[in-house]
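Please read the structure below before turning to the comments.
Just so it is clear, A, B and C label the chains in written order, and each chain counts residues from 1 on its own.
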Amino acid sequence: MSEAPLPVDADDAAADTTRRARDSVWWAYFPVMVTAVVLAGVPLVIGDSRFFMGLAVLGLAYAGYGVGFNIIFGNTNQLFLCLGALAGVGAYGSSILGSEMDLPMLVTIPLSVAGAALLGAVFSWVSVRRRLDVIFVGIITLTFSLMFINLLLGQRDLTGGETGLVILYDAGVVGRRGTASFYVFLAVLVAFLAAHRWIQRSHIGWAFRALRDDELAAELAGIDVARYKVVGGIVGSAMVGLIGALYAHYEGFISPTTFELGNVDVPVLVMVAFGGIGSLLAPVIGSAVFTVVDEVLRPFSQLRVAVYGVILLTLFLGFRRGLIPAATDLLRRVTRRR
Amino acid sequence: MAVVFDGVAYGLQLGLLAVGLTMIYGLGGVLNLAHGQFAVLAAIAIAVLSDRLPTPAALVAGLAIAALAALATDATIMRAVYRLDGEARVLLSLLLTIGLAFVIDGLLIYNYPFTQLKLSVPGPAVDILGVPMRRGSLAASALALSALALLIVFLRYTRRGRAVRSVIQDEEGAQLCGIDPARVRTAVFALSGALAGLAAVAEGLTSSVSATDGTELTILALIVTVVGGLGSVAGALLAGLLLGLVYTMSQVYIGTYVTLVILLLTAMVTILIRPAGLLGRGV
Amino acid sequence: MLQVEDLDAGYGESLAVHAVSLHVDGGEAVAVIGSNGAGKTTLLRAICGLLRPRAGTVTFNSESLVGEPAHRIARRGVAYVPAERHLFPAMSVQENLELGAYPLRADRRQLELVFELFPRLRDLLSQQAGTMSGGEQQMLAVGRALMSRPGLLMLDEPTTGLAPILAEEAYASLGVLRGEGTTVLVAEQQVPLALDLADRAYVIEDGRIQMEGPAGDLQGNPDVRRAYMGIA
């Protein structure tokens, strides 16, 4: 009890136990476990509908992309607008390696994930080297995304061009539509969340926070900013690549449209920003909300895009920092008043 | 030679598309990701109105609609954005204008799925230095060139144009001279809407513009802006010309999808070599 | 002419200026002296509207300036020359000067007056402000402020970054302006120069006025001499 100068009464003692609980490992991973338990129950509710299960898997995939993006952008301040391309590297890499070289999925997925991670490392390294601002990292990676999509469209022999690629060989559990694949994606998502929390609590997370607050000050304090940014880029990109690869094998079909900016980067950015950039559960909450919203709006056809836009405007004009920080603030204010 | 002409023609169009975006960034440190959508809004308005109005009136009305839409954006969304500073400001502008782009895209694609702006200038090709040029392409170049020339004259030689440059170069200095940066930003936002509309007209003279083209135009404008140097009007022109030439040359000599890849690669390399852009900041 | 009462101002949570009151009468030259970080810049920025005062009143020609945006205060006739000058670096000397007169539109006669004071600027007319030397930039900053024919000329550390000889020249030209009847409020840590120029002066430390009086009295004050003039 080193922080004892405050008079200890019943209230403070209670506050102290909660503080200690908060510092404990269990408390740190509590949100991850709650997410796992709640989401594990989803198939019990909608398990008999293939359609809804498909939607749920898509939601998990977006949440997975979101965790990767959250680590890259939310923690190390690098605006990667090439999530679609990274996922595409995972997806196309794994499928093409599988079909052309006849390798099993357990080999192709790690290889393609390594490819995505390498790409992320290159982007991070180059932008650190050239001391690019957030916006410039965004534009460089955005330009790369467009290039990647064009390459996919152009290299017809390998990628099938705009018609896409049908993945013929058996993908095992991942490819078995319904509950089995749902739990695979859920396991991956929970592992991502746990990894993110682990990073936050380790010395890496401490460095991340320092460099996010003030890069220059972090550098002066002796933190190797370049190294940590590259670490962030690698970890996040690998996550995005893995989801891309898994999704390709699950869906059995990929095309350039699947990995377009508007189909990956923009929704993920919106979801994570909606939840609160940097918050652990932001990707989960954002993805859950927007998967539902998207489905509700489906009957409106093209008008849906406009409604989506209106929702975005209202949200970002209302809760600028995202829903989770806003809610935490509110909660804190309410508890303090009491 | 023909390649160079085509490249310059396309480059001028790219420059015209990007100048509005770069001025807005220079003035307030914000990015407008609905820029291409303003262009498409003008294009669709002109296409729809030209059924009822003589073409010149439709053109003016279309540009006015884009300017008004930009004005409305400045009065609503941008108010919230300018209340923040630095990085938070750019990010909020990004998120909000993506939302706005969705709104404009959704409404236009829903209401006018098949409308196209295609302006034809009848007549045979004109011979210029031994190169036959299509009249539409010449008209587009003339339009882009005169609009850009007018813009530069405005910025360099008029009192209000100088006020715009003063806010870009030193906002606090401008305030101390009695210039209201907020008013300058509003006026230039409206102007950027009209300029985007003009770029769409130029595009309509050479090919066509439809409701789904907004995002592509936004991204092109963004790339040209960054290659030229965020906030630099002259840089945007230079970058437009550079990328236009690269595009048409690789189209002629290499062809197919590689053209766009080369354009994008050029952009990436330029940004990496000169992160501040070809001409850095300053007008 | 300028009346400041009980002014509080600062950035973020903290106040850099506490309950400062001062006044400048028409035709007077007044100095605010104090060391680095004493609150001089914050005080001037709060007067000219670049910083919104937390409390207190600022009146200029018996009109309140509190809450007015900086550009409107500039139009009322309060010209401010910040220490960093805030020139337009990619514009010529002429363009900078003409922008100084933005609300009035450029005026040939006023331009001639500025050239009379700073003949050097006439030679540099088409030079870009960003490429000029520190002394030249200082002249241009003062010249630009004068273009609006201000009722009150406020300067923050006009000697920043200048060699001693140039600093003296800068004060010499301020002396000329004062002789012509321009009202001047100058914040300065080069205390001897400022006290030579001023009729009256305020000593500010830790955001509070510690002393005030005729410049001559302060020049003779042993505390002031010890603290600011390096004389025991």
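Quick note on the criterion: a residue touches a chain if its C-beta (ideal position, glycine included) is under 8 Å from a C-beta of that chain, and two chains touch if they have at least 3 such contacts.
These numbers were taken from a predicted model, which means no experiment stands behind them.
With centres taken as mean CA coordinates, the chain nearest to the overall protein centre is B. When every pair of chains is scored by its C-beta contact pairs, the maximum goes to A-B.
Chain centres here are means of the Cα atoms, and by that rule the chain farthest away from chain C is A. Averaged C-alpha coordinates give centres for chain A and chain B that are 33 Å from one another. Chain B and chain C have Cα centroids lying 42 Å from one another. A straight line joining the Cα centres of chain A and chain C is 53 Å long.
The touching residues of chain B, when paired with chain C in their complex, are 159, 162-163, 165-166, 169-170, 172-181, 282-283. Only residues 31, 77, 80, 84, 87, 90-92, 94-96, 98-107, 109-110, 113, 215, 219, 222-223, 226, 230, 256-258, 260-261, 264-265, 267-268, 271-272, 275 of chain B touch chain A when the two sit together in their complex.
Chain C makes touch with chain B in their complex at residues 48-50, 69-72, 74-75, 79-80, 82, 85-91, 95, 98-100, 102-103, 105-106, 144-145, 148. Taken in their complex, chain A has these residues touching chain B: 126, 130-136, 138-140, 142-144, 146-147, 150-151, 153-154, 261-262, 266, 269-270, 273, 301-313, 316-317, 320.
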